[in-house]
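Following this line, the structures themselves.
Heads up, the next two complexes both have chain A, just with different partners, chain B and then chain C.
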Partner chain A sequence: MYEIIAFYLFSALTIGLFLVTVMSKNVLYAMTSLAAGMVLISGFFFVLGADFLGVVQLIVYVGAVMALYSFAMMFFDATRDIKEKNTNSALVFLLGGLSALVLVLMFAAPIHSDAIHALYPMHVGVGNAQDVGIVLFTKYLVPFEVAAVMLLVAMIAGIILAGKKMDKSLTKDTSIDDEILVLKDEK
Partner chain B sequence: MIGLSHYLIVSAIIFSIGLVGVLRRRNLLMLFFATEVMLNAVNIAFAAISHYYNDLTGQMFAFFIIAIAASEVAVGLGILIVLFKRYGSLDLDELSSMRG
Partner chain C sequence: METTLIENLPEVGAVGVIIKAVLILAVISAIAGFGTFIERKVLAFMQRRLGPMHVGPYGLLQIAADGIKLFTKEDIIPQNANKFIFMVAPVITAATAFIALSSVPVFPDFTIPSWIPLLGDTFVPSIASDLNIGILFVLGMMAAGLYGPLLAGMSQANKWGIIGAARTAVQFLSYEVVTGLSILAPIMLVGSLSFVEFNNYQAGGISNWLIWQQPLAFVLFLIAGFAETNRTPFDLLEHEAEVVSGYATEYSGMRWGMFFIGEYANMITVSVIASVVFLGGYDVVGVYGWLFIIAKIAFFFFLMLWVRAAWPHVRPDQLMWLCWKVLMPLAVVNVLITAIVMMV
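This part shows the complex of A and B:
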């Protein structure tokens, strides 16, 4: 009973909030509704019994990713409404809906529900976090390490891109232009 | 009772919302938001399948998707900041430099 109420509440709220994210002209509204939608998605995970995934969703998405977005918003003018040239939105809606439908059908068609059997079944009487830890550090150890290396690469890339003077051209020496301008002024 | 198909339908709806956003948005920051919506929709589907087939593989893949999304945001926001410093705008129509 509670599961039904939670499911319909979460799904209605999530869909509404993500619609606001996609339709809104204001960046602040879009970002806050995206954060709220992600909190509700972690609610889905808790209902589904994936406790550790829900906690990770809260920490990584709502905590880290949205904080990163809100820090990046300091660089952009967030209060101004975005002007976008939207070409024929009805056509875009039709195309988006149709292609989503085609994608879902494409991936759902080869699945015969009876043929699926659990590769790493959950253990009875073991908590979700413990179960996830056992499978992650035995069966998925190499992807885990690769993901760690990828996060390191992403961190270095973020620091370099935001910290160094990457907005200046690396190949064109702008100081020469300044000297030429100075020389022209002197003449 | 809520079955697997309920969750998959919600996931498909959210995914198509994100896809419409990717198609109609012209601002790069809003495009990033739309991709986050799509990634979250896929995570719901993975968690639901993991629950109803009593299998942990779906949750594993959801973890890796979250890791990929985090690194994508880190690199992408760095590129956005560089673009904004250089051009003063995040609009795709203004940023397009190739005339063809």
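This part shows the complex of A and C:
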């Protein structure tokens, strides 16, 4: 009973919030509803009894959307609406509608199948984290390690891109002062 | 009152959880108010002043005066601000702080005596919602709480606010790493994410406390905890001497008060985590375990005030240097050594 109420509440809220994300012209509204929607998705995991995945969803997406915010802060004035340029709305409508239809068909397909059963059901009395760990380190070991290596590569690339001038102190850098002095002299 | 193991507990009903939630809200809000008084007194004594003395005996009624001021002050919303987000932001901070408190053990469990009408014989649990992954949930909720300062700073159309918001994002994204890695080593030792398991693991006296096995993790967690609660060496978000009041510049009245309550509730949460994970939790001689955990929480609360009186602010670049070049490598090495010792 409670679960059904919680499911429909979370569904309505999540869909509404993601609608705002897509429709809104204000960066702050779009980002905030995205963050709130991501947090509410973790509610589904809690309703399903997958506490660990729910908390992972919470922690990962709180951090990820926070990083998006910092880009929004750098590129836009958050208190103003943004003028969007929609050149070909018919094409957008067609493509968006088609992909939505395909997604609905994909996720609705299991309704007509009796062959759906859990390959790795949760064990009674064993924690969520242990269950996830067992599956990750047996069945999905290779994808897991490949993902880890990919993240490591991305991290090293990020450090190299950002760290070229890391040994120079911004506050002690006097080269900009010279440029200002040159400009003054020219005037 | 003795803290019992989960198996011998009476069944937790919905009424018990609701009573517990109301208790947490009331008591922690009151402690947050009282905390401001304590903070001013402690700071005053450390700086050889008297602090608030005029309202009531020994300045005790200053809390009531501050409360009346906060509640009756005009709630100003700047003209160019994004009004909805501006109004919602403080609620996020306060609400997530209390949601985080819902899965930490705050007071001992008790049963309401049966002579009280309606609610008699209701069992009120020690933890409002005893999740198996309590520690992760609390850390995640405290992380979500930082959306409050971020949104407040971005929505108020004020350059100090934007700087405060930018610092929130930077500080959160870096210190979240240290918090997670530092608490990972004790989690590996205990093999569980539940506060109850942590408590049981350290049963049997002071020598069993995890702080002796994981001193480095304890120090790292405390430092990261200071950063997550915006306490003084790291309170760049509203650094009065640099950015007026940072994200809180345009706030007044009760909306500002909600940021305040959220911050103090988070301080209590960090104190509870530190005392349960590293200092043995409820475990001390016999029936007075709950008294000892309150003493431990009070000690951590005092430590935060002490540090504020003793240390100056750090610069943002020092903060980043400390996080990425000192604390994070130390945390990774600590996790590695713990893993090797456990395997051998």
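Throughout what follows, the second predicted complex is superposed on the first by the 120 of 187 C-alpha atoms of A that agree within 3 Å, B and C clash if a C-alpha of one lies under 4 Å from a C-alpha of the other, contacts with A are read in each partner's own complex, and residues count from 1 in each chain.
Basically, a residue touches a chain if its C-beta (ideal position, glycine included) is under 8 Å from a C-beta of that chain, and two chains touch if they have at least 3 such contacts.
This is a predicted model, so every value here is computed, not measured.
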| item | value |
| --- | --- |
| Chain B versus chain C as contact partner of A:Pro143, first or second or both or neither | first |
| Partner chain(s) touched by A:Ala129 [first = chain B, second = chain C, both, neither] | second |
| Of chain C and chain B, partner touching more chain A residues | B |
| Partner chain in contact with A:Tyr29 - chain B first, chain C second, else both or neither | second |
| Which superposed partner A:Tyr69 touches (first chain B, second chain C, both, neither) | both |
| First (chain B), second (chain C), both or neither touched by A:Leu58 | second |
| Doubly contacted residues of chain A, that is, touched by chain B and again by chain C | 52, 56, 69, 72 |
| Chain A - residues contacting chain C, complex | 26, 28-29, 32, 35, 39, 51-52, 55-56, 58-59, 62-63, 66-67, 69-70, 72-73, 78-79, 127-129, 170-171 |
| Touching residues (chain side chain C, partner chain A) in the complex | 80-82, 84-85, 88, 131-133, 136-137, 139-141, 143-144, 146-147, 150-151, 154-155, 157, 162, 165-166, 169-170, 172-173, 176, 192-194, 317 |
| Of chain B, residues touching chain A in the complex | 1-2, 6-8, 10, 12-21, 23-27, 29-30, 32-34, 36-37, 40, 43-44, 47-48, 50-51, 53-57, 59-60, 62-64, 66-75, 77-82, 84-86, 90-91, 93 |
| Chain B-facing residues of chain A, complex | 3-4, 7, 11, 14-15, 18-19, 21-22, 27, 30-31, 34, 37-38, 41, 44-45, 48-50, 52-53, 56-57, 60-61, 64-65, 68-69, 72, 75-76, 82-86, 89, 92-93, 95-97, 99-101, 103-104, 108, 116, 118-122, 131-132, 135-136, 139-140, 143, 147, 150-151, 153-155, 157-162, 166-167 |
